[in-house]
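Note that the chains are named A, B, C and D in the order they appear, and that numbering of residues resets to 1 at the start of each chain.
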Amino acid sequence: MSGQAVIEVKDLDVYYGTSQILFGVDLSVAPGETMALLGRNGAGKSTTMKAIAGLVPARRGRVTFRGEAVTRQKPYRIARAGIGFVPEDRQIFPDHTVEDNLTIGAKKGPEGQDEWPLKSIYEVFPLLEPLRYRIAGRLSGGEQQMLAIARTLMGNPALLLLDEPSEGLAPIIVQRIGALLRQLRARGATILIAEQNMHFCLGLASRATVIDKGHIVYCASIEELKADEAIRHRYLAL
Amino acid sequence: MTIESKTGESKMGINRRATLALMGAGAMTVAAPWVARAQAKAIKIGMPTILSGRVAQLGTSSRNGVMIEVEKLNAAGGLAGRPIEMVVRDSKGQPQEAARIARELVNTDGCEMIIDGEASSGSFAVQEVARDLGVLCVHTCSEASSLTADPKQRIPNAFRCARQGIHDSIAGGNYAAAIAKAKGLKKWATCSPDYAYGRDTTAEFVTYLKHFAPDVEIISETWPKLFQPDYTEVITRILQAKPQALYSALWGGDLTSFIDQANLYAMFTQMEVFAVNMADYTALTVVKNLPKGIHSGNRYIKTFPATAENAAWGDAYKAKYKEYPTNWSWQNATAIMLLNEAAKKAGSADGKKLAEVLPGLTVKCPFGADGTVTMRAEDHTIVGYAIGWGTTIPTEPYVPEVKAGDWKQIFELEAQWKKSKGYA
Amino acid sequence: MSELQADRSSGRVVAGAGQRRSAAGADLLIAAIGFAVLVSLPFLFSSKALVDFVIRCAAYGLFATSLNLLVGYTGLISFGHGMFFGLGAYSFGLLMQRTGLSIPAAFVLTLLISAVAGLVIGAICVRLKEIYFAFVTLAFQMLIHSVILSWQPLTGGDQGLRGGIPRPVFLGIDLGNQLHLYIASCALLVVGLLLMRQIAQSPFGYTLRMVRDNATRASFIGINVWRVKLAVFVLAGMFASVGGVIMSLFVSGAYPEFAYWTISGEGIFINMLGGVTTFIGPMVGTVLLLILNDTATRLTEHYGIILGVVILFFALGLRKGLMDFVVEWYAERRDKASTRETST
Amino acid sequence: MDFDALTGCLVSSACIVTQTTSGLIIGMLLFLVAVGLTLIFGVLKIVNFSHGAFYMFGAYFALSGYQLTGSFIVALLCGSLGAAAIGLIFERFFISRVYGRDVLMQLLVCYAFVLIFDDAVKLIWGPEFKSMGMPAAFQVPPLFIAGGVVPPFYLLLVAVALAVAALLGLGLARTRLGKVIRAAAHNPAMVSALGVNTALIYGAVFALGCALAGLAGALAAPVRSLTPGMGFSVLIESFIVTVIGGMGSILGALIGALLLGLVRSFGSIGFPLFTDGLMYLFMVIVLVARPTGLFGKDLA
């Protein structure tokens, strides 16, 4: 399976200053697959995502993306290689308009593909079109989350990293984001999604990896995880 | 190899090499700077001056002025038989550094006398060191009158070998008054740098202008800061006052900036301009669009005094350093001439003995009004140097005709001035 | 700000009262020994330049260490600390020239003047944060410099206080005598450092660190952050003015350059050179800078290039001050040694 | 202090016109220097203490270019491009090493280069001051507008500065590069994660800032004498401008420069001996009233 994985993380160690956050993290996502990275608050999900995106340096280990090592590359190189990152707190550019936010993220994919012109974005995110000249900082949280995902899609990524897309949003908005992601999956996107909320990932992800205190502790299909109450209770407090 | 070198190589070459050498050997040389050195037979003369920053030219041209005479003197046997070794250091224009360097030159480097190439506050700081250490000190750049004229400042072992604003102002006042009378210039404005030299010289000029032409009236005063880059606000203010004539004690780069900017407003077609510091090569050779007919006092100009000695000295300097001498150059060169003459008279290079014979000493000098200058005994400052005013033209000889000042008149009025200041 | 925090690596907790008292005793002992060594120097070496050097070290050292109270301990980056240096020099010089007071009286009055100035200026400045605090202090410094230049009848304008500073003999001390001045400067330096050390180690000193690390948290536990910052601003200003007094005695005058921003810049540079995580860092920086300055001016007129390269070495090479480097190196060695011991 | 003169000026239209235009002239050259400073701070978060040196380089390069070709246009190009080139090298090899580090470390690196650059200029062009001279095209009598006097050269200067302000404002607001730059100023990590090489952006912005300072130096070269260290007083004044206007704000730099120009031109009438002090006083007042400057945002 590892031969055809879109991304493969091997034995990753990450430090903040002198304190170690990740301990030999292993992870892989197959093409077209949606993988959930589950764990409690502070378990190391975001750090893993940021390490893949190149925003925090890996002290040890390697990240292979489509057969090429991207470990310790600069973030923009990783992005150009085809990894699209949607950060935890969305980090839209608040003083820019919605459309400016989108165009800042616009680029061709790693093979020069252009699957996501503005037109397609507005088709998939019909909510954003009427807001296109609105200042992004004035959008609601859900709208900002949509914008953040759309902005990353504008870069035509081969892998989409989503860090806590449901965090801090009203249940009805969470549902809409879930629907949107299923739509993306249907289009064949490969997605790695970090979540505290397992229920959000049910029916979205096919497999789940559980991280706790910087260690990968579990990896199976998401149905198995749902069935395994001990694991859920122990690592996800569910 | 340092700037203490006595060789006649171009200063640029020495500096670069010194810099490189230092970069290489920096660590080694940190070794205890206070270890006293054995005294050679040569006589060391220390010279704190400004070699960096905006007025670096003051230091470099002062050093050139000193070196050209020291080399001549050394070739002729030195100061009372002892070769001179100059130790020149950069104070960066900071008075506390000037004081520190002066002390160190005497206490550590074994310098037996100081040529003080500091301007303004630095010279007062060096004066205090000279007072403290009792070492012979010749100020060569400070034109502030109080340095030697004020008996509270004066000390027996310090001398000034430089122009004084009061002399320039009396000669200038006389010259300007004649033109004011002839052309009916009654309304005057002034524009001088806001520091002691600028303020004092301007006040004195105005005093003597009014003394010689009593119906002159000052209708506007402007005081740009020293080294101010932009004079627009000053220029427009002067133009609005609509004076018939303008006096300025700006100098060097400030003066050329002022001229370039005032040219844009066609100021020089609207009034007669008297700029005491214009006739110095530093300014004359640099200004590209020199307006015709600016009245100026002489600073250093090789055609005044119009003697063969002066012209030869200016040419020799230019041949050696690839630029014309500055006002500072001749003052520093004269200092060496004076020391040499004093050493001959005293038969010794000992600072104390020189300080005894220097007062009242007259020395043959290309920059003298009559071929000599004198270290006046009563206030330890040189008199009799060439002083005059003329009008400038944009090409050599720049100041075709210089009207010499009358030293007799200068002495008379200077004496009154001293009385009025409580100096005498 | 992590690079600038005093005592960062030591992770020391506030010492109990008893410990503090014994630490103060140790400081006193060190100070006494230091003073004795300094006083004996001129009798061991007959170099006048050494005497001058130490006097200048005292002036700049007090100034730089007081700046570290602001920069290192409180996290207040002042670009205008030199104003107190200048204020000290001018106040003292003017008092001596114009009033005929005795030296100790003029000295105390100078401290008072600096304190009042610090109070007024500080009250305005310490409200501002970070870079804006730096700029407003710089603006005040330039304002004072402008006033010194403009108020010519009092200050002598650009020529400074001329004619020397009278130094009447008091208690048998004649500051006109370089040796007496030397001993007095050493005494002021040692006493000044000792006092600042006590301030840094006192509960007030730990309050400063708390304000530096997290001002919000400090205000939650009932600390009036503004008042604490103001207090240290005034104290640092007073110590800086003592540096100015020593300098004015050394050059027998006061010059506008003493109140120019470059003095503040040198103070900051000294702190970076010596390091701000130890109390003694600024003192080490002072000695380093003065040696560097004196050596470079002896050897070249391209002082700027030399100094520039040295600064780059510290800023980009060592990435910290000398004492910081030494302390960390020592701590690492000790750690290694102790792990070796436990493993065997 | 001379309040009579000041009130006298304020009731004379000729005086108001002349002093306002001279305030504009003083302000616009400052704006060119200050806007680079504020741009660099806004995007790179670096207080470029060496910015005055690029003004100096601009003037010296312009002088050399003018001496070689006799063309003022070439001189302007030499000045701005030369300063930009040095700025780019400086940013790539030195400034880039102190991103995100302590502000004092950044200042120290800049300070080191102020010293090095000044000495370098002294070594290359000599310690004596130089003057470029006014290009022949501008050696024409001044214009009289509404009773005030305006030299044509200064019209050019003001026009260039205003054009730069307009181009910068439009470029940052409208072009994609401008949008990316503004986004990078706000959140460089995110911009980088979207595939933009922020190092390139930083280098370009730093070079642009230096080019503007160089342009200012080149424009000033015909009317100001050139000396090593000439950048310093300009630096201090442009700092005041940026701090008054708010660090990082281009509009702030424009307004700040105009205000400072007016403070100087009218201040020189009312307080002829305290014009400089007046600037600092003005800065103190603004900072006390608005700690982040007129158009600045709170950094925290």
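Assume a residue touches a chain if its C-beta (ideal position, glycine included) is under 8 Å from a C-beta of that chain, and two chains touch if they have at least 3 such contacts.
Predicted, not measured: the structure shown is a model, and the values here were computed from it.
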Topological distance between subunit C and subunit D, in contact steps: 1
Most remote chain, CA-based centroid, reference being subunit D: A
Identity of the most central chain, Cα criterion: D
Centroid distance [mean C-alpha coordinates] between subunit D and subunit A, Å: 44
Between subunit B and subunit D, centroid-to-centroid distance (C-alpha), Å: 34
Computed distance of Cα centres, subunit B from subunit A, in Å: 74
Chain centre separation in whole Å, for subunit C relative to subunit A (CA means): 52
Multi-chain contact sites of subunit B, meaning residues that touch two or more partners: 15, 51-52, 59, 194
Junction residues of subunit A, two or more chains touched: none
In subunit D, residues with contacts to at least two other chains: 118-119, 122-123, 273, 276
Listing of all chain pairs that touch each other, if any do: A-D, B-C, B-D, C-D
Residues on subunit B engaged by subunit C in the complex (per definition of touch): 2-3, 15, 18-19, 21-23, 26, 29-30, 33-36, 51-52, 59, 88-97, 99-101, 103-104, 107-108, 120-121, 124-125, 128-129, 131-132, 144, 146, 150, 152-153, 194-196, 199, 226
List of subunit A residues in touch with subunit D within their complex: 53-55, 74-76, 78-80, 85, 87, 91, 93-96, 100, 103-105, 107, 151-152, 155
Partner subunit D, residues of subunit B touching it in the complex: 12, 15-16, 51-54, 56-57, 59-61, 194, 221-223, 225, 227-230, 232-237, 239-240, 252-254, 256-257, 260-261, 263-266, 282, 286-289, 323
Residues of subunit D that touch subunit C when the two form their complex: 47, 94, 97-98, 101-105, 107-109, 111-116, 118-120, 122-123, 236, 239-240, 243, 247, 273-274, 276-277, 280-281, 283-284, 287-288, 291-292, 299-300
Contact footprint of subunit A on subunit D as seen in their complex: 176, 179-180, 182-183, 186-187, 189-199
